[in-house]
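Before anything else, here is the set of structures, which you'll find just below.
Note that chain A is present in both complexes that follow, paired respectively with chain B and with chain C.
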Partner chain A sequence: MLKNLPVMVVVFLLIAGYMMPIVARWDRKKCAPLAALAMGFGVLGSLVLMNTVITSGQPVTYNLGGWIPPWGIAVKIDYAESFMLVLLTGVGAIILWYASGDIGQELGHKVTGWYYTAFLLLLAAMLGMAMANDLFNLYVFMEVSGICACALVAAKGDREATEAALKYLLLATIGSGFVLFGIGMLYMLTGHLNVDFVALQLRRVWMFYPTVTWVATSFFVVGFAVKSALFPLHIWLPDAHSSAPSPSSAVLSGLVVKIYAFALMKLLYLVFSGLFTESFPVALAIRYILLVFSTMAILGGSLFALVQVDVKRLLAYSTVAQMGYVFLGIGLGSPAGLAAAMLHILNHAIMKSCLFLSAGTFIHVAGVRQVRDFAGLSKTMPWTSAAFSIAALSMIGFPPLAGFASKWYLSEGAMQSGEPVFVVLMVVSSFLNAWYYLPLVGRIYSAGEGGAAKEDIPLSMRLPVVLLAACCVVLGLFPKIPLALVYRAVDKFLLK
Partner chain B sequence: MTWPLLILAVVIPVTGAVVIALLPSGDDTRRNLLAVLTTVITAALVGLCVQRVFAGNEYSSPVLYITPLLPLALRLDRLGALFALTASCLWVFATVYSTGYMAHEHDRRRYFTFFLLSLAATMGIAGAGNMLTLYLFYEMLTLATYPLVIHEGSEEAQRAGRRYICFSLVGAGLVLGGLIISSAVFGDFEFAGSKRVLDMAQTGLLSCAFLALFYGFGVKAAIMPLHPWLPSAMVAPTPVSALLHAVAVVKSGIFGIYRTTFSFYGAGLVSGLHVNAFMLLSAGVTVLMGSVFALRQDNLKRRLAYSTISQLGYIVLGAAMLNRTGVTGGLLHLVNHALLKITLFFAAGAIITVTGKKNISEMSGLARRMPMTMTAFGLASLGMVGALPTNGFLSKWYLIQGGLLNDAFWVPLLLVTSAVLNAAYFFPIVIRAFFSKGDFERSEGPEAPPSMLYPILILCGLSMLLGLWPRPTLAVVDVVASALFGGVR
Partner chain C sequence: MHDFILKEVVSHLIPFIQIYGIYVIMHGHLSPGGGFSGGMVLGLSMVLFVLVFGLREGLKKISHNTSTVVESLGTAWYATVGLVGVLRGASFLVNKAAGIPTGQPGELLSSGLILVITVGVGVKVGSTILTLFVELIEEGSEE
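Coming up: the complex of A and B.
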């Protein structure tokens, strides 16, 4: 059982996902418990895997069908992967919990079953991406997750959502195309698809084919940058994330864009290790492009967010800015910088899910979507408002909330790389965040109508949000818990 | 194991605040009692700690690493003890005064909750054992005082609150940036000022970081041109203006500057960076322009606010001189100004409560109605001007000495000019109140509610006492100053 656990986690979610429409036909009410069961198994499995990795100090590997690499497909879970697994399943489970209360109301009961299908498949695909140690396997899961993510956006079925989903589908496909080209080139160079073998072989052969190697690197960077919405390539994100149902927005903003950034980090530092981390002119150029684009993302995303009147669009643009942080960490490449990128993947997943879910409650229970109508919400829904405010303050980076730790580590990473200018960027970005989040919080707590709550908020929509806000506080007070794991992962990335 | 006392000084006000928040909002008697009791206990605790600190013990808690890079610690040294003692004692008076002043205001529960939370944050700032902890509590102070500033709830209060939060955030951002850079250069957050050595390669970076820290804390210390939040924040209830904007918040900024300059960087390093020209210039401009602006104000609280800005300039000036005499003068003024300014604000608040008058032009003959309050006001103004027997004189004397030690002959000139300006905006108020004819009548009963009158009289008496018998403060401040310069006598 334990030996097969990595695959079981994914397969269980896949099976549960495919069963959902059937179960929904039989009895709609059974969908949520079954999905919860699958997710619960996922969380438990991930925790067990993380525990195994930490206690043994060795990566957990599994060869599909017993074929050893380089012939078979391999799955490998190391510190970084187990971190991602726990993050994906944990936050995913909380979002699913919220969805169980929200989806029926927001989408109508007809699509409930299918929604769960897309949700569980997406989670399974992301878990697969996190643990895949095989480039083609990675690509397959990437496509699955791309299609499921589009389905989650399109689930609403209105004109706006369909248009956004189509736009998302097109750009995501372009991104996948770039990645596929990159994989093809690596296969051509090394004759392998297994990550370990590619890395090993690449170090031997790359100097004979420098152009192809660097083109492959650039293709990966561009492909994953489109998928995870790095600034100038972000145009699909605001539409997709704002027109989707709230749980979808949370999972898209919180998890989906992160897994691509994580995959890029893994590729750059594990497959191209010894190339990307050295001071070759091209490597430096790519690194500076990442730094420049992430700077633009941090500033541009925030500036766009400033002028939004729709709360979900505001949150979506904020995601663009926050992805800039992750890419900044990847670009900096210093230990603290990489640690900050990983930490921010976690922190932002929690903060942004909390924000999207509580915004979802505001929209669907109080019926307010425009920021200017938020006045007085604290009176009608104190818990949700408090959770929203905590997550917003955490976004700004108030100590001692989660966002503060990631900003601090990013700044530390900038200092380690000898680039103090990014410390200034962090400070400026905090101002910009404060500029659009504080008025929001202020408005919630000011006197006003608050779009008098139409009905009581179900517990399943209130508790997940509060739980996520509590996580913001706990992770802010004890960032050393994730950091202990993150630093071990970073040590592996940097070959220490 | 004496450090838990120090943590209690932060925890007790928080507990008090939580209990007050849980009490029913109509229960004024118990709330007032609880608030006063909390501050008294805190002050007593701080007094106990301070006494031991000056006896040579140090309070340091074990370091709590929230991550390996981010250590939090509480430690009370002499500078912190001075600040903690001043703030916690004045908080007792302010709370007593608030119970009287707030009796007819709305939302009293919220007011006292945040009033005590601010005390906790201030104690945290005073007892911070490293720069990171200081920064943490500094941010919390901003958040805790914001609801007090906008207490009125009016459009004007909202605007003032927005301005306050904007300026504070800019300041906090500057502090954060400076802190990250300097901690990366130093490799720690410790108050190891006397041990720092200047590394020539890092001069530029450190100068920038230092100035960021200086101006970051300078926002709360209302250094010009970072001061505009202070006068507009005067819409807050008077005890808040008095305590937060003349004593706690602005003095936290000052305290941050002293900590940065002497504890974190060290006077030797700062003078090696050649940045104190900026400090001197900013402080000088603030001293003069604050007074000039104060001349034009008709609203009494606004005039006091500009006077605060100018007086804070003195304290920063003391730090900028980077010598022991100057620091002694600055710290003396920190204590003296706190006492005097809180008296003045309390008097202004009493005038507002009793007569409803906010503008100086309406105060002709006010002394007939409120003789004792106006006498206290007059004496405190004398202290502000720095007339001889009052406590304001001594701090200015030391500042002038400090300036002369640095061959800065403009310092005496500046201080004398400023004293003349102080006289020009304080004396007309007193003269108008005592000698002009107005339609105020002598009152039958007490001239103001006792919970407001007694704090005024006691504080005024205390400042006079410290003026006539300055030995104790001088001795304490001298010890603090010598500690800041590495204990060299």
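Coming up: the complex of A and C.
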């Protein structure tokens, strides 16, 4: 069983996801426990895998169908992958917990079963993407996650959500089309799809086909940038993330955009590693493009967020800005920069899920969506308000919270690669973040009506949010815990 | 629609279409086609039934409930068959290496678990085609 654990983590979620509609027909109340069971298995499996990788120091590999690598599909879990697995299943489980209380009321009971199906399939696909060591397998899981993410957006079924989902579907298809072409070119150049073999072969042949290598690299960058909403390509994100049901927003903003950034990081540093760090002009150009776009994302995302009146749109634009940090770290390419990118993937997943889920509680219980109606919410919902405020302050980068650690290590990464201008960018962007998050927090704690309805918030909607806020504090106080793993992962990325 | 000839012809035609669909599914490992194409033929035979006899008659044959259950089981079947390899001590989706008898090449029962999986795929694709078609029709008739 332990030998088969990598694939079991994915397959259990898949089977549970497929069974959901039947379970919903039979007894709707049994959906949530079954989904929780599958997620719990996912969390346990990921933790065991991480433990195995850390104690043995060797990647866990698995050949599907027993076919060995150049021919068969391989799965490989190294430090970085195990980090992503634990992050995806952990945050996914907390969001699922929240969804079990929220989704029945927000969407109506008819679609509950299908919602769980899309949710579990999305998580399974993201886990598959994280652990795939085969380019085409990566692409397949990318498509599965893309379609499930669209389903999660469209689940609400109103006009706005349907339009957003269609927009998302079209742009995501363009993104994955670029990635597919990139994969095709790499296959043409090297004759392999397995990441290790492609990397090995590409180092021998790229100098004969510099243009094709260039185009393939650019296609990967553009494709994954569309999928993870890097600034000029982000136009689908605010609609999709703000019109979706709250748990969907949390999982899309917290996890889905991250996994594409992670896949790009993995490809750039593992497949194109030989060229990306040598004096190959294209590699340099791509690094600069990433740096420029991420700077635009950090400033532009925050400026757009400033003028939003709808809290979920504000949070969505904030995600655009925060993805800028991740891409900044990838573009910097120094050990601390890459480590900060991965640390921020974790920190932002937790902060943004917390913000979206607590905003979902505000919308659901008090019926307020506009920022100006937030006055006095702290009186009716003290716990949720506190969690929202902690996550918002962490977003700004107040010292003992998680966001501060990300910004600190990003600055360190900028200094390491000799680009001190990005330290200034960090400071400016913190001010911008404070400009739109602080009034929000102030509004919540000011005197006011605090929404109309005063119904009880179910425990399953209150505890997950508080748990995520607690994670913000813990990760801010002890950033060394994830960093110990992240630095080992980065060492593998930068291994020549 | 009360077209006697059409109904009579189609009701004799559908069994043959379905047998052909099943044939394509069963011979997926020997000839072109397989779970997807065979399932498509099966699904289209049901679409033909709905087109000629109307939605109400069609839903009497296969209700929403049935198609939901069939779709879910079809996909879950794939993953479950993959587990056979794991239970027999080999890895996921293993066929021959897990000790499944594969028979004589070229015969119908010569592919071990592949045939078992293809049946699941065929059933799933067939009912999905029908569901998509029914969804479209119902959306149109509501307005």
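We take it that the second predicted complex is superposed on the first by the 492 of 496 C-alpha atoms of A that agree within 3 Å, B and C clash if a C-alpha of one lies under 4 Å from a C-alpha of the other, contacts with A are read in each partner's own complex, and residues count from 1 in each chain.
To be clear about the criterion, a residue touches a chain if its C-beta (ideal position, glycine included) is under 8 Å from a C-beta of that chain, and two chains touch if they have at least 3 such contacts.
Source: prediction; values computed, not measured.
> Contacts for A:I22 in the overlay, against chain B (first) and chain C (second): which applies, first, second, both or neither?
In the superposition, A:I22 contacts chain C only.
> Of chain B and chain C, which one touches more of chain A's residues?
So, of the two partners, B touches more residues of chain A.
> Just chain B (first), just chain C (second), both, or neither: which does A:G66 touch?
A:G66: touches chain C, not chain B.
> Between chain B (first) and chain C (second), which, if any, makes contact with A:V427: first, second, both or neither?
The answer is first: A:V427 touches chain B but not chain C.
> Is A:A336 touching anything from chain B or chain C once the two structures are fitted on A? First, second, both or neither.
first
> Can A:A118 be said to touch chain B (first), chain C (second), both, or neither?
A:A118 sits against neither chain B nor chain C.
> Based on the superposed arrangement, let me know which partner A:A154 touches: chain B (first), chain C (second), both, or neither?
Neither partner.
> On chain A, which stretch or stretches are contacted by chain B in one complex as well as by chain C in the other?
Shared contact residues on chain A: none.
> In their complex, what parts of chain C are in touch with chain A?
65, 68-69, 71-73, 75-76, 79-80, 82-83, 85-86, 90-95, 97
> Provide the residue numbers of chain A that touch chain B in the complex, in ascending order.
For chain A paired with chain B, touching residues are 336, 398-400, 405, 408-409, 411-412, 415-416, 420, 423-424, 426-428, 430-431, 434, 438, 442, 446-447, 477-480, 483.
> If we count contacts the way the header does, which residues on chain A are in touch with chain C in the complex?
Of all residues in chain A, those touching chain C are 1, 3-4, 7-8, 11, 14-15, 18-22, 25, 62-66.
> Any idea which chain B residues touch chain A in the complex?
Interface residues on chain B, with respect to chain A: 65-70, 135-136, 139, 143, 153, 158, 162, 165, 169-170, 173-174, 176-177, 180-181, 184, 205.
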